[in-house]
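Have a look at the structure below, then the notes.
Chains: A, B, C and D, in written order; residue numbering restarts at 1 for each.
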Amino acid sequence: MKRIGILTSGGDAPGMNAAVRAVARKALHEGLEVYGINYGFAGLVAGDIFQMDAASVSDVIGVGGTMLYSARYPEFAEEPTQLKGIEQLNKFGIDALVVIGGDGSYHGALRLTEHGYNAIGLPGTIDNDIPYTDFTIGFDTAATTALDAIDKLRDTAKSHERTFVVEVMGRGAGDIALWAGVAGGASDIIIPEHDYDVKKVADHLRSQRQRGQKHGIVVIAEGVMSAEKFAEELGQYGDFQLRATTLGHVQRGGSPTLRDRVLASQMGAYAVELLMAGKGGLAVGVLDNKLVNHPMTDLFNAKHHAELSLHQLADDLAY
Amino acid sequence: MKRIGILTSGGDAPGMNAAVRAVARKALHEGLEVYGINYGFAGLVAGDIFQMDAASVSDVIGVGGTMLYSARYPEFAEEPTQLKGIEQLNKFGIDALVVIGGDGSYHGALRLTEHGYNAIGLPGTIDNDIPYTDFTIGFDTAATTALDAIDKLRDTAKSHERTFVVEVMGRGAGDIALWAGVAGGASDIIIPEHDYDVKKVADHLRSQRQRGQKHGIVVIAEGVMSAEKFAEELGQYGDFQLRATTLGHVQRGGSPTLRDRVLASQMGAYAVELLMAGKGGLAVGVLDNKLVNHPMTDLFNAKHHAELSLHQLADDLAY
Amino acid sequence: MKRIGILTSGGDAPGMNAAVRAVARKALHEGLEVYGINYGFAGLVAGDIFQMDAASVSDVIGVGGTMLYSARYPEFAEEPTQLKGIEQLNKFGIDALVVIGGDGSYHGALRLTEHGYNAIGLPGTIDNDIPYTDFTIGFDTAATTALDAIDKLRDTAKSHERTFVVEVMGRGAGDIALWAGVAGGASDIIIPEHDYDVKKVADHLRSQRQRGQKHGIVVIAEGVMSAEKFAEELGQYGDFQLRATTLGHVQRGGSPTLRDRVLASQMGAYAVELLMAGKGGLAVGVLDNKLVNHPMTDLFNAKHHAELSLHQLADDLAY
Amino acid sequence: MKRIGILTSGGDAPGMNAAVRAVARKALHEGLEVYGINYGFAGLVAGDIFQMDAASVSDVIGVGGTMLYSARYPEFAEEPTQLKGIEQLNKFGIDALVVIGGDGSYHGALRLTEHGYNAIGLPGTIDNDIPYTDFTIGFDTAATTALDAIDKLRDTAKSHERTFVVEVMGRGAGDIALWAGVAGGASDIIIPEHDYDVKKVADHLRSQRQRGQKHGIVVIAEGVMSAEKFAEELGQYGDFQLRATTLGHVQRGGSPTLRDRVLASQMGAYAVELLMAGKGGLAVGVLDNKLVNHPMTDLFNAKHHAELSLHQLADDLAY
């Protein structure tokens, strides 16, 4: 293997640039040549490919988004399209790839591996919804952005003795809600992975008020329902001076946190090591602080598990 | 005058605590006694009043929200209710007041002045919609929060070559939109104070794309229409990969900026000086960097004017 | 056990308040009574102790420093002083304690346990220098503050093509330097746990310049030497337009990060569970994402180990 | 005039990129051609010059430092060197320039004007030490960075009941100290423009302690003396648990604030208007919220005046 390509795919996530930098720098350090592929698999097929040197990734470690751009490209599920991508790999002499994105992008990566072009997948998504990894690149930043918003909302909740229902991202996963909720001192956290009972939430808010805390934050994951709708339901069980707010797309952007940068750097370097060992079709993860890899096929039928102990913790501490 | 009261009224705004601190400390420094009144005019009527010393306002200068709480209280428009408030002033021996809030709260302040209890109003609102002042306490922080969000959205807009329509607060005023829009490098800023033409916005985005900038930010003030609705209209004139997002209540919270803290401190001290000079019924403002005061009655028929030169500036710089 | 006390000891660290809140809320939730002890062991001896309810810790989860204050108090090493502390415990009917602080404070905690008052220790220090835990409460925030500073220095380093030598805290430990260095894209990281060679650092900077990156950041842990001194040594091996800067005390303050708040919340609740199980003399830690406890005596002869793989990683990625 | 050049000179300041963007975009909008000159006057002489289009300045409005780099270049005081610069202007067909930097750079700008190449100066420096302008580009950001540090120090000051002496930048000017000091609730602010009496500072701290505020922040401008030295002097008048800290170079970097970005945008566009009106040798400023210009020669003998009313204000509010 002499020459590797890097692409980012799916929704952008903070830390993707730190991962691109790590892959590029580690590979160059090991004497490999490195090519950036713009716009994910779409750019691969279109041949939107350029050589990278060490300076190409200078000062990007702290920049949000992805310098390699990203794009949705469902067409890559078709074999003729994949073959066009492989033509481009041949044209540029690229032997192997690192694909940074959600697990949707691992399907494309696996196809390339099957065609003889080893590809390693790095979990880049704010949703933290990828199996076989405790954390994805971008999650810590998104949860931190949600937390910053909760902190701000708390100021106004307290001043007016209101309860805010805050909707955070995560698609089907409750991880952002759980972490931002615990860190934000939420009264309740509503996630897809756990039952909830609106009446109990109302009782809880009421008993908190009786204990002297007259404002509250309820965090709800977008996978359950909208903040608007939950506030409506909750309002039927008492007058909590409710306000609903949806944090929205800001959760995808921003300079990556310390943790996301370190994780992205570790995973990027590890992906290059795997490629150098002749491996492909593997998804990188971090489990109990250790870098791990699993066959991508294992991930397709597996499910990510949220840290549900945080749900209980939030409940106990919102006494 | 021996004893002054302070209250915050209307929507909370970052910097209100800095203003409360300034009023309290300046008054204590001048040998006056100071009483805090919780929950605005509602707390005045209810007698929710407590004595403050220098330590009461320690370390609050950087805290968002209002330590004196706030509440809507339309009942204070009725004279019998006002008289109950005055009873409380007498009971606590309070001679004069500082009222921090939107211009709605100035009506209550003026009534108290007419009854012989001098009241000075400080403009505390994120909307910057108060006449006879260039800036209100809380505006700079709210616009900064909006700007932070725009910066984050830019990351993801760029990565996916999208255009975001971002709805910011301001009620009927376009000031947050103008300042955050110019500072955020917005392609277009849509405000109530200025005509707009959706087709022209579309043409502008298109020409920016032709000049190589393939993503964009359009900032819209809530006083015009929702981001959702504007994105829908804009989408009829071209495929800009639009996403709509509404920043919401986070704009009301957070630690006040440098400017808001300094402005709040200056205005708070100035209000005490006016009371000591035997003045009442006056609204404090800052015009061209100078502290000013105007009779509250002047404000009721006047209109705040947004800095429209910023609209032209944004337009020129989004070339 | 009916009544527990909480104190913070040693240098303050962001997240201490989140830990205090977690201990108090969990204990109240379990039906215990809770007392706060101000000023660490000094306040214990002085009887500066007050009852806490659920509202006592409202809205402190995001506040830096410690609401229970802290103080150095070497006198607590003497048994007569310890006995005075125990008198106060008896007076207030406190059966058991949670002590949040550096491992220095664990000695005092162990003495109390030996006298029959179970005490559990939580690792609260920015330095991350406590054995048997991967992370201490406050470390993530301190490293994040250092990273923010490095990001700012990078702007000016790049504009002027300079190299900054940045001194970060950590006492004898290199953890802040390692994490902030990797996340900040440092050219080199100098820590007490790893040899260094000034000439090699100079060669490295030179080769980075040849590869097109003309500015650099060298992070040095305070345990090695001052930034000033290192810059002087480095300057003897080439003209790198060096500037030395020491981040200083700001690293101890600020609102705790997401991670520190979650960790502090988990550890605080866990400490109460240990006390309820009749345990004492144990130090709480987190190892590979799991909450653990070890006898305090085990810690006294053990050494914290920095994650040295980060040193190698930084080196590879600064290619 | 058909073609303008832009350069940044002297110490970098946050907002310089926003100014470069504004000059470039406004000029392109007006149908002019735009050239960027790297490394200030040094790059001008060396011919390090490149054409800019609208996309050249995309997404730089929020980026710290200067994309055009900066460099010290005292050689430009010599006429032969100036003539070499003019040769380059002729070679690239540049008719006029915008120079962004401290007032030192205005000398070079004036020489070019005298040779027939109109140059307009924009005040870019964190120190706010330029005459005929209330604010310079970069000042608000630097003062905000200093304020953030003060907020963090307050956490630890409060936890340990200490007094921090904080040294901020500003060269000979006290503006950063004044604004960050007022906004940070400093007990005392020591600046070059105002006498001070160490004993009085000590008395003040003591009386604050008596009034219940047991920690404090003293802000000192670097133009007076070092924090270290001041703490030493202060310590002779009482035991205030003093800690000295110097904020250092971080104050030069970081993403510019809302105010700095708006100011830089306004000034950049205004500079182009002045050039289009055939003007040269003028320094742009903002006085009482209005854009103004003055002959550069007027500035050379004038002095910037700090807003001394802030000193009195801080004093009163630190009661």
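Operating definition for what follows: contacts are C-beta pairs under 8 Å (C-beta built on N, C-alpha and C of every residue); 3 or more make two chains touch, one makes a residue touch a chain.
Each chain and its UniProt protein: A, B, C, D = ATP-dependent 6-phosphofructokinase.
Treat the numbers as computed from the prediction; the structure is a model and nothing was measured.
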Overlap of the chain B and chain D neighbour lists contains none
Do the two copies chain C and chain D share over half of their interface residue numbers, or under half; same or different?
same
Measuring between Cα centroids, what's the chain most distant from chain A?
D
Averaging only over C-alpha atoms, locate the centres of chain A and chain C and give their separation in whole Å.
28
Cα centroid separation, chain A vs chain D, in Å, comes to 39
Distance between the centres, which are taken as Cα means, of chain B and chain A, whole angstrom:
35
Sequence positions of chain B contacting 2 or more other chains
151, 154, 158
Inter-chain touch pairs (all):
A-B, A-C, B-D, C-D
Would you mind writing out the residues of chain B in touch with chain A in their complex?
8, 12, 14, 16, 63-66, 69-71, 145, 149, 151-156, 158-161, 164, 243, 245-250, 252-254
Would you mind writing out the residues of chain A in touch with chain C in their complex?
21-22, 25-26, 28-29, 53-55, 58-59, 61-62, 134, 140, 143-144, 147, 151, 154, 158, 179-180, 182-185, 208, 211-213, 255, 257-259, 261-262, 265-266, 269, 288-290, 310, 313, 316-319
